[in-house]
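Both complexes below contain chain A, partnered by chain B and then by chain C.
Take a look at the complex of A and B:
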């Protein structure tokens, strides 16, 4: 197991290097094609070459390679990596330290992801299991129609609907009935609120969870159905075990193996979804940071946030693989 | 044969003087897309304590379905028990409540399945799978249950049981896995053991060992044993009597020697002839021409008529009943007298 973890970590480092370079290259290419983002600071006003040059220098965007399209800008890449190795991620266009912005954003985004994962594991898996146990009956159809419904609605539209229905309509009613500071009013909010950092994230977190829940529910259902037909479940019945034990101990555990794998991948999708979600709810998380970075062409911010996101993705999948080995003894590595 | 166990807590109404298992006119149907498939069409047999009954038939003849119906583990739906009785010491297992049926399993009637690799749960140790029987049915502590599980592994002759108890099914060889399966079935000291093709997935040498183990334990515990197989050769040594099934019906019932010596049903005769023999090297293997009938559309009359050399017009219209043809033996054929005399 130990050797497996080390091997996986080395693989992750390699992957990360490739990701970092690709990011750097794409962002450089964007500047090479669109022109230096520093120019936008001055709008339509004429600006002297000296001032422009000084501003570019300030934001490390003065390298001449940014003028020739296709140049990989190796110098800039190695400079940035050197800077990063001292945990210095530079400053954004507002001269705020990127390291500080990220440190503030991480707990917010992790809270959302924690809520999302709980929604998947609790509601997604439970719905799938119930559907499988009641195959062909009302609950099964309800779950299947429900998952198709969440798949059919585009994510951004669903988020807007959730925001309006739960945050505005229901939320306003709660605020009228119980006052602005009541528990329910703080949960049902149309945007992020710094006064209730956790409570105001609950609904957006659930919304993001619903966004990816269909795959998990469907997979849990199929996986349960497959195992319910299996020989070892028949053996468990033949052993005179109670139905609940047959279901939970002898079917669910085996069925969770593929589900856990998918949760790892789904969190990657959720990283993308969080950009939209955080933009919509104005949540000061990593998604919003990346969103604003892209909007202003702030290369340093985008690269730092996306690099972090890929680290998160790789670590999540490493954890998933280890958990996989815990669930299934046939895949104990080494 | 009134031993202590026969004040059963689970089945207080049972009658110790009645046969251990008496299956009467059992009928099982499956709802399928092509209509109703009649998997078992009136199976009749009895098993007494200390007796071994072999149920022989080809795939789809209803032998596995019969055994699962006795165990009460058929999926209903699609399966449906359309009629008949399964009397365990006079108590009809089919009419018990779900909870009582569950408790009869493993305590009174236990089952060994064909492919032990898929029949054991891959994610738990064999120790866990054995111990849960003692923990859930007998309320034993983990330590007690483990001790009992070890005794069982020793009973089925698994070497180094103390270490192997913590291993997973995939770490065992085929024969050892089947021993684990047998240990599991024997855990709660059942009165009747049903072994559904217990050796089919095994090497020939291992097959013999497993059959011997089953026979030994059965003799020692005076259990009733039902051996389900498609291989007449496997059961010849261990069975006391044989029931031959075809298209969901018992077509012949006889003590093992009588059946091998003088079959009374053309199907049995054909089956015996199709066993490959060492002394007829170089000749073509005997086969039974044709296929068994489709279970959704069993023709009227005798189901074997289309493949039978003895068949006359009467066979295509009238279903032959299982009738006594000699002492202790019965056959369902209009011409069993001719068949038994080898004409």
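Take a look at the complex of A and C:
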């Protein structure tokens, strides 16, 4: 397994370099075509050339390569990589250290992801298993219609409804009944609260989980159905094993392979953050960080966040592949 | 084989652990009750006064710092650290007396020297402070700016400035500052209440980055901990403050970085004490909170700019025809559900120097006259109007509405040119826009001069040094006379005459001023809410909590 892991890691390094350079190139191209973002600091106000030049120097955006369209700006790229090798990710347009911004945003985004995953694992997989075990009966139809519903309703609309119904209407009722600092009042809030970082993320996390749940549920259902018909399950049943043992150990474990893959991929996505959710709930996570970076053409922020997301994506993919071996005795990496 | 699988499971768990271990964060103590005010705020760009250029940073710095003056609701100066109004015999050399005994929150004393050092730092070119242009009429300003780039194209740094100090600012004695201007200017004192003129402590300038994170102020509030970027700013009353003290202890800003509209839901849930309803919630908010809603006209003006440098738009008749073809009220009704005010002047009502109806002739809707004017102008028949706008804002909708009105009232075809904001600003400055464009102005100081001088006054005869390429010798002369006038009243008379010229030659067609609606939560004593129409903000020091 060791050699396999090393080979994968080397591939990852190569992929990462390509990703980093492409990002750098695209962001530079955006500046070359759309003009220097420093100009927007002054808005509609007239600004003297001297002040504009001094401000560009301050934010390291005075390289002449940013004026010729298509120039790959190698100098800026190597400078940035050198900085990175000392774990210095530079500062954003607010003069904040990007390393700090990311360190603050990761726990928040991971908390949401954790809540979402729990929702998927508890409700998604369970619903899928139940539907498969009761194929063609009421519960199966209920699960299938339910998942279609979560896919059909536009996410943004649903989030606004959740915010207003759970955060404002129900939340206000709890606040009147039990006081502002009570447990339920802190959970049912319309936006993220720094006073209750975990509790205020529960509802948005669940809401996000409900959206992705259709895929997990359908996948577990199909996968279960397939395995229920397989030879080894029949053998297990013929051996007279208990029904729960057959279901959980023999069928479910094998059915989880595709599910784990999907959750692994979702973690990579989650690290990019849900821009819509974080924007609406004012959650200071990675999604909003990257989104605002793109909006203001803040290259340093965008590259740092996307680099992080790619690293996590590749590591989770590796972990997912290794998990296959745990779940399926036939898979081995030698 | 069995053990092998267990081992790999452990390995997997270990790697997963590395990724997830960054989890967990500390909670704050839950603040209690009525002694704190909770507000929402966009993420400020900067909190060092000379570098504050936008309203978010301004809102915080005005609480943490105090300047020589602040503004009364009519725009006049209200002394804070200064003793009395600035005095001058010739409007060129201004003398300001200071009160003694004021200090920064770190104990550093504030005297005339503090201001001189702070202002020298502000203007020094390489410091790239966005507020430095406020000082450009003071003697010696040009010498403090970086020279042009040697080859005009980077990457070499610009030449070192000739001077490190602003020679027009003199410390006469510890309580007297003397400011000398290049030329007499009676309006100058109106600038002195702006954040760019606020003092900064030696300890602050020595570590400017740290001072941005945890400001060393001299105002009614002080920082609790640091600026939690994109999350919150916590302030508490500074009890050694010599000026007007707040009646409550804590002021918390929650920072909103998502859409600007995300503050309304937390207001309804009681986490914020003041908020503006989103446009779609405006009607229901008015019904529900009617008597606690403050509606006020904003001092920002919005206009349709014309490229006077372009041959087609050089003819004032074309500009007049376009202005007469626009239905201002129609736009306000359609896009802002009636919340706005058509502009028939270049100066909004609350600004000193405002005169009613200066643009009555051309700032109205008169399709027949518009068509006649266009036909008698040099307008090339069949020419498509190109309307320029930055993409992604309300401006797009407004410009589209204007395009439709031009098409209907003048029979011209139009084409929208949507480009990115930075591209738009740069093209505007470089005179590359080939048609009318949407433009806004937020005043820097409360005087009619600020709505004209910085925008349309040109030293160059072809108008190449303003965005509109506008030049008018009579306008220039009247502005000069206004600047040199011995009293404010005489200056305003000249400025109004200058404005009359603008209303006939129309470098821009004034469109409208916006209207803000703010709802005050029931935790606040509504009678204590004092909104300054010029700064556009509520005085948080005066607010009383129930």
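We take it that the second predicted complex is superposed on the first by the 328 of 334 C-alpha atoms of A that agree within 3 Å, B and C clash if a C-alpha of one lies under 4 Å from a C-alpha of the other, contacts with A are read in each partner's own complex, and residues count from 1 in each chain.
The working rule: a residue touches a chain if its C-beta (ideal position, glycine included) is under 8 Å from a C-beta of that chain, and two chains touch if they have at least 3 such contacts.
In this text, all values refer to a predicted model and were calculated from it rather than measured experimentally.
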item: Fit or clash - chain C, chain B, common chain A; value: fit
item: Contacts of A:240 with chain B and chain C, given as first, second, both or neither; value: first
item: Partner chain(s) touched by A:37 [first = chain B, second = chain C, both, neither]; value: second
item: Vertex chain A; arms to chain B and chain C (CA centroids, nearest 10 degrees); value: 160
item: Partner contacting more residues of chain A (chain B vs chain C); value: C
item: Touched partner set for A:196, first chain B, second chain C, both or neither; value: second
item: First (chain B), second (chain C), both or neither touched by A:167; value: second
item: Touched partner set for A:63, first chain B, second chain C, both or neither; value: second
item: Partner chain(s) touched by A:107 [first = chain B, second = chain C, both, neither]; value: second
item: Chain B versus chain C as contact partner of A:329, first or second or both or neither; value: both
item: Touched partner set for A:250, first chain B, second chain C, both or neither; value: first
item: Closest Cα approach, chain C to chain B, once both complexes are overlaid on chain A (Å); value: 6
item: Contact residues of chain A, present in both the chain B and the chain C interface; value: 329
item: In the complex, chain C residues that touch chain A; value: 1, 5, 8-9, 11-12, 15-16, 19-20, 22-25, 27-28, 30-32, 43-46, 53-54, 125-128, 130, 132-133, 145-149, 153-155, 157-158, 209, 212, 228-232, 254, 256-259, 262, 265-266, 268-271, 419-423, 425-427, 429, 439-442, 444, 454-455, 466-467
item: Partner chain A, residues of chain B touching it in the complex; value: 71, 73, 102-107, 110-111, 113, 115, 118-123, 125, 132-133, 136-137, 168, 170, 181, 184
item: Contact set on chain A toward chain C in their complex; value: 1, 33-37, 39-51, 53-55, 57-58, 62-64, 67, 93-96, 100-101, 103-104, 106-108, 110-111, 114, 163-164, 167-168, 171-172, 175, 180-181, 189-191, 193-198, 278-282, 284, 288-289, 292, 297, 312, 315-316, 318-319, 322-323, 325-326, 329
item: Sites on chain A touched by chain B in the complex; value: 230-232, 234-242, 245, 249-250, 253-254, 327-330
